[in-house]
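First subunit A sits with subunit B, and in the next complex the same chain sits with subunit C.
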Partner chain A sequence: MSRTLDPARPVTTATSRRSRRGLLIGLAALFAALLTVSVLSVAVGAQSVPLATVADALRDLHSDDTAHQIVAGRLPRLAAGLLVGVALGLAGAIMQGVTRNPLADPGLLGVNAGASLAVVVAINVFGITTAAGYIWFGFAGATLVAVLVYGVASFGRDGATPVKLLLAGAAIGAALISITTAVLLTDATTFNQYRFWTVGSLAGRRWDLIAQVAPFVLAGAVAALLTGRLLNTLSLGEEVARGLGQRVHLARVTAAAAAVVLCGAATAIAGPIWFVGLLVPHIARQFTGPDHRWILPYSMLLAPVLLLASDVLGRVMAPPGEVQAGIVLSFIGAPFLIALMRRRRAAAA
Partner chain B sequence: MRRPHRLLLAAFGATSLLVTTACGAAGQASDEDARKLPAPVSVEHRFGTTTLDTVPERIVTIDLQWTDVMLSMGVEPVGYSVDTLMPETGVPWETIPEGATALSLTDGVPVEQILALDPDLVVASFSLTDQATYDLLSARVPTIAGPPDADTVIPWQELVGTAGKILDKTEQATQVVSTVEGQVAATAAELPGLAGKTFVLAQYVVGDGLTVVADEQDGSSLFFQQLGMTLLPEVKAEGERTGDARIQLSTERIDLLRGDLLAFLINGGDESDLADIPGFGELPGTVALLDYPTIVGLNTPSPLSLPYSLTQLRPHLDTAAAA
Partner chain C sequence: MSVVRRLRRRTLARVVTVACGLAVAVAAIAVYSLSLGEIDIPAADVVNALLGLDDGGSAYIVNELRLPRALVAVLAGAAFGMSGAIFQSLVRNPLASPDIIGVTAGAGAAAVVALLLFGWSGVAVSAAALVGALATAASIYLLAWRDGVTGGRLVVIGIAMAAMLTGIVSFTMTRADVYDARDALVWLTGSLNAKTWATVRILAPALAVLFALALPATRWLRALRMSDEAARGIGVPVERARLGLIAIAVALAAVATAAVGPVAFVAFVSGPIARRLTGPGGHTALVPAALVGALVLSAADLVAQHAVASTAFPVGVVTAIVGAPYLLWLLARTGRE
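Showing the complex of A and B:
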């Protein structure tokens, strides 16, 4: 049965097999899961704080009490996980939808590399040393490269086809990464600063950083959730979409713009925790089928659940140290993705 | 302190594979007129045992400790590695002789460049951890690598002792050790209040976590112990549990920084980043925020670095002793 679900197949029949009610219940369950990991990420850490103290700290924070400070320190970390998760989950779903390629993710499209290089330039050339200062460079870098990739892919007769987009992204990304590496290898001081941003951690992200980025994630998320119908039409293939009166180019640019804003924001906070963006839409499709109006909200909730769960796990798995959320996520996510890929259904982007 | 970027750079060590044949038999040229050691000296290290029969005259030093040890013994290395995180003016306690070649470790240990210096001994500690690189070097030049556990720092006294034997200058080695230990002992005598106080040597890698020395036997701990202090028992216990000389800590584990003296480096940031460590402002002991060279001088101590770091640390020692 699943073999019949190739990408070009009209989505309406596929969705009708899954009841709207069932999908809503699934969404509610995901929301409950998100609440649970959120509570865990405040209650569980490398330093065990009694639950009563956690509750005390949340109710009435004594800023001179170390246990209270520990709890207070977990809150921006939770916020960072939520924002990054929401952003990457949605961005991954959109990118896979726009390019009609299940392998698309911000890393492959060069957005990651653009943001990284911009941050390195911020540190190396402009001497910016605070995270809150150089996030804007990461943001601008992501946007510039997205525009560049789309521009390069648009050359030629067919315009920006999915394959050309991926190739342009991979090529530009590779070039940018080599420049970044060259700078980092020759300048230890820059590397030292850059590390904060590249370890794939949610630790040490502060409220000022969160507050700067949050509006972008919120705006991007709202825009992204509205692109479901556009992505559905695009998934029918270019000719069909055009035949249905869809302005393919505009639809793609609109959706991609939302994805770039989200990627830029996520990158600004946590650096390259990209895997979640690749993985989550695949899991979401297991439940939703190929209807993007459901894939998007599912991905939006599922990604922070996975990211926060990885973060919590990373705090307790190697005491007295921590393992970065990005590493835990890749570690548990990779086999999971492989298992999913082995089922043909997952290929229906 | 293990500098995280070395982990990245280690991956590039393999690039030096091209070297082998080009540098022929140059290394053995000076054998005939070399001065014989009274007895062969064997040094055990990470990759085995290296035995020397003659006194080396063209020495390449990889890592700061060895450069310092050789300089303190009056030997000018023909090549020495540089630490790019040190100030541009150089390592504050070193005067590098003119003519010595600075070696960058950015692309791994530069085997070709080292062999071009025609050395008759290469000494290294934590930066030579790649077997292939060691094989390349040791096939041409007697090479001494670091300890089996790259996270352990060899006590500088031991390095000076080794240098004394290799150079056939054991008396001078004894003198170097006693002079520097004398300075530490004098400080201990001036500050009897340090006796029994606990110490912690740590760094915060900004946005990631803390690294703390957790082994009493480590070369960096001996200095504090000679001042009469003891490693914070909780840190020691964690080190014994994990089996590591240097342990990684979550920023939430502030309890493991609560020594009477905390010698601390903010690595990759500034004091505003201390806000990431809950309770740092309420630490009960004396908190000594030190710059990179001073912490390196304490973390990988040498007969040259310790007097410098001791001077930098002194005001904090005074405070800790009086507390």
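Showing the complex of A and C:
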């Protein structure tokens, strides 16, 4: 069990050589799973559409047929799910790698809360209402909080242990949420928008928002996929990495920057979504072992599968209404985290 | 031996001095807040009214309209302060206060569901909050139990539970009418509005019992603060002591939250401030922590009521705005030492 809980364990060439073909097949299987979930996400909902009609509709999106219009209406939701999933999966894998901490997650570390507060301030104080405007605030908020939480947790003798990092994230997150609440109490209009945004949902996202944010996710994803080797060296420990000629600080900053861009972009589209970034790298490591060059692509494909599946599940759970993906995920993620914590043999306080 | 005893006596003397000073400050703030309002009443008249030397109209305003609010602030603040100090000492981390590790999240979720889904109000909501906090705390403890409970596991499982409960709150908020949702938001922020003698009559005896239980348990806390081994070495029943202390701390936080809502950061800041005042050796001084809590909540409510002339904010807004920067400052400082 310790293998999956310890991303810092050195990579042995034997395992990666032995299973390279298996890993490629796994990746292909994941891709197939992603396609399946994507089709489901377009077909299933308050009004389900037969698969044959979905195929028809994709060929002719501008038809007046009701079923075709339903499919066309669900496409932005699918696109949002794919982008947010890719972003959160990669961000989670990087955060766990950079901090060498199996409990790192953008939601749990307060990074999402930082982005939320910044977005609320942008809307309320500066009157910015377009995503292109407030996404920059989201990035700034996410960056600031990421640096703050890590800095705060690193104080003290034993550095940033998993539990200290989580506690610092929760504390700073609580502070940010309180301030957000204070702003919202004075402004009913912003509150009304905020309460639908803060649950973490893929519903009602429009193409223009997705088009504005997509470039950030793509840039972040490319940068993230290139950090695999960096993360592998970092996982050997700071001294060893430095001994191997790695510029440790530069490596950390590059990887963290990619993670922050990805988190900020995901939060701008879907609102704060917790636990995807925590869960997905853990599941990925079960298949790939500790090699980040594999963990990253696996996480990238696995996360949208999980997110879209949660979204579909939320749609069929309570008809005619729906339960937002963020809520479904917190009910999957929290028990997972609890189980993870119970399995750890020695929890560092 | 005599050196140790002298040191301990000096620490005790300092703790007592600090406690007296804090008590005076709490009383001063309370009298000042009783004198302010739509009709300002001079402080001397307030004291006369409190002592029963005056039974005119201003006595009615002081004793019936304003005093319950001031008393609830002092009582709930003290409960939050003591609860936070116990948690922080048990987990040996200044960040581990009940509002961060999930206990008050349980109260919040139960209250929001009661308010918005069942349409309850008043005492029923408080009762739901109390049950929610206790049930959450019990589940956190049971889930964290595995041949004993470690501080780290308790914290992480608490945070996981809090995340799930926050999901319930957010979801319920989207299902409600926007005005009802705003009421729920005020409750979640923590407010002392509309507190009457009825609240005091429930709050005071409940807290009196809990304070009476907490004070003798302080010596266990002092031992557990060092390490489990050290505590076991001097004959403390570690698991039993920890369970007892957690139960007291949870009950304190739950009762206070049921009365005024989950006011942010009062539990969190009181312990560290008290420790700074009492100096080394005062780590587990619960009375100063409780008094700091009372002082913080009373002062914050004074600011929330009167700082902006036209609007009265819920008290939680002030504690959040003051508490958040303090949190950062505190963390930066402890880091340097």
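As a working rule, the second predicted complex is superposed on the first by the 260 of 349 C-alpha atoms of A that agree within 3 Å, B and C clash if a C-alpha of one lies under 4 Å from a C-alpha of the other, contacts with A are read in each partner's own complex, and residues count from 1 in each chain.
Assume a residue touches a chain if its C-beta (ideal position, glycine included) is under 8 Å from a C-beta of that chain, and two chains touch if they have at least 3 such contacts.
All of these numbers come straight from a predicted model, not from anything done at the bench.
Student: Between subunit B (first) and subunit C (second), which does A:Gln324 come into contact with in this model arrangement: first, second, both, or neither?
Tutor: In the superposed model, A:Gln324 contacts both subunit B and subunit C.
Student: Which partner chains sit in contact with A:Gln286 here, subunit B, subunit C, both or neither? Use first/second/both/neither.
Tutor: neither
Student: Contact-wise, after the overlay, does A:Ala203 reach subunit B, subunit C, both or neither (first, second, both, neither)?
Tutor: first
Student: Determine, under the contact definition given at the top, whether A:Asp64 touches first (subunit B), second (subunit C), both, or neither.
Tutor: So A:Asp64 only meets subunit B here.
Student: Could you look at A:Phe155 and tell me whether it touches subunit B, subunit C, both or neither (first, second, both, neither)?
Tutor: Once the two structures are laid over each other on A, A:Phe155 reaches subunit C alone.
Student: Between subunit B (first) and subunit C (second), which, if any, makes contact with A:Thr36: first, second, both or neither?
Tutor: neither
Student: Which chain, subunit B or subunit C, ends up touching more residues of subunit A in the combined arrangement?
Tutor: C
Student: Looking at the overlay, does A:Ala188 come into contact with subunit B only (first), subunit C only (second), both, or neither?
Tutor: Both partners, subunit B and subunit C.
Student: For A:Leu176, is the partner it touches subunit B (first), subunit C (second), both, or none of the two (neither)?
Tutor: In the superposition, A:Leu176 touches subunit C alone.
Student: According to the stated criteria, A:Ala46 is in contact with first (subunit B), second (subunit C), both, or neither; which is it?
Tutor: In the superposition, A:Ala46 contacts subunit B only.
Student: Show which residues of subunit A both subunit B and subunit C reach, each in its own complex.
Tutor: Comparing the two interfaces on subunit A, one with subunit B and one with subunit C, the shared residues are 185, 188, 191-192, 195-196, 199, 321, 324.
Student: Given the complex with subunit A, which residues does subunit B contribute to the contact?
Tutor: 4-5, 8-9, 12, 84-85, 106-107, 205-209, 238, 242, 247-256, 267-270, 272-273, 275-276, 278-279, 282
Student: Going by the contact rule at the top, pick out the subunit A residues touching subunit B in the complex.
Tutor: The touching residues are 45-47, 64, 66, 69-70, 72-73, 129-131, 185-189, 191-193, 195-197, 199, 201, 203-206, 315, 318-322, 324.
Student: Note which residues of subunit C are touching subunit A in the complex, please.
Tutor: Within the complex, subunit C contacts subunit A at residues 91-93, 95-96, 99-101, 143-144, 146, 150-153, 155-157, 159-164, 166-168, 170-171, 173-175, 178, 181-182, 185-186, 188-189, 264-265, 268, 313-314, 316-317, 319-321, 323-324, 327-328, 331-332, 334-336.
Student: Which of the residues in subunit A end up touching subunit C in this complex?
Tutor: 103, 107-108, 148, 152, 155-156, 162-164, 166-168, 170-172, 174-176, 178-179, 181-182, 184-185, 188, 191-192, 195-196, 198-200, 274-275, 321, 323-324, 326-327, 330-331, 333-335, 337-338, 341-342, 344, 347-349
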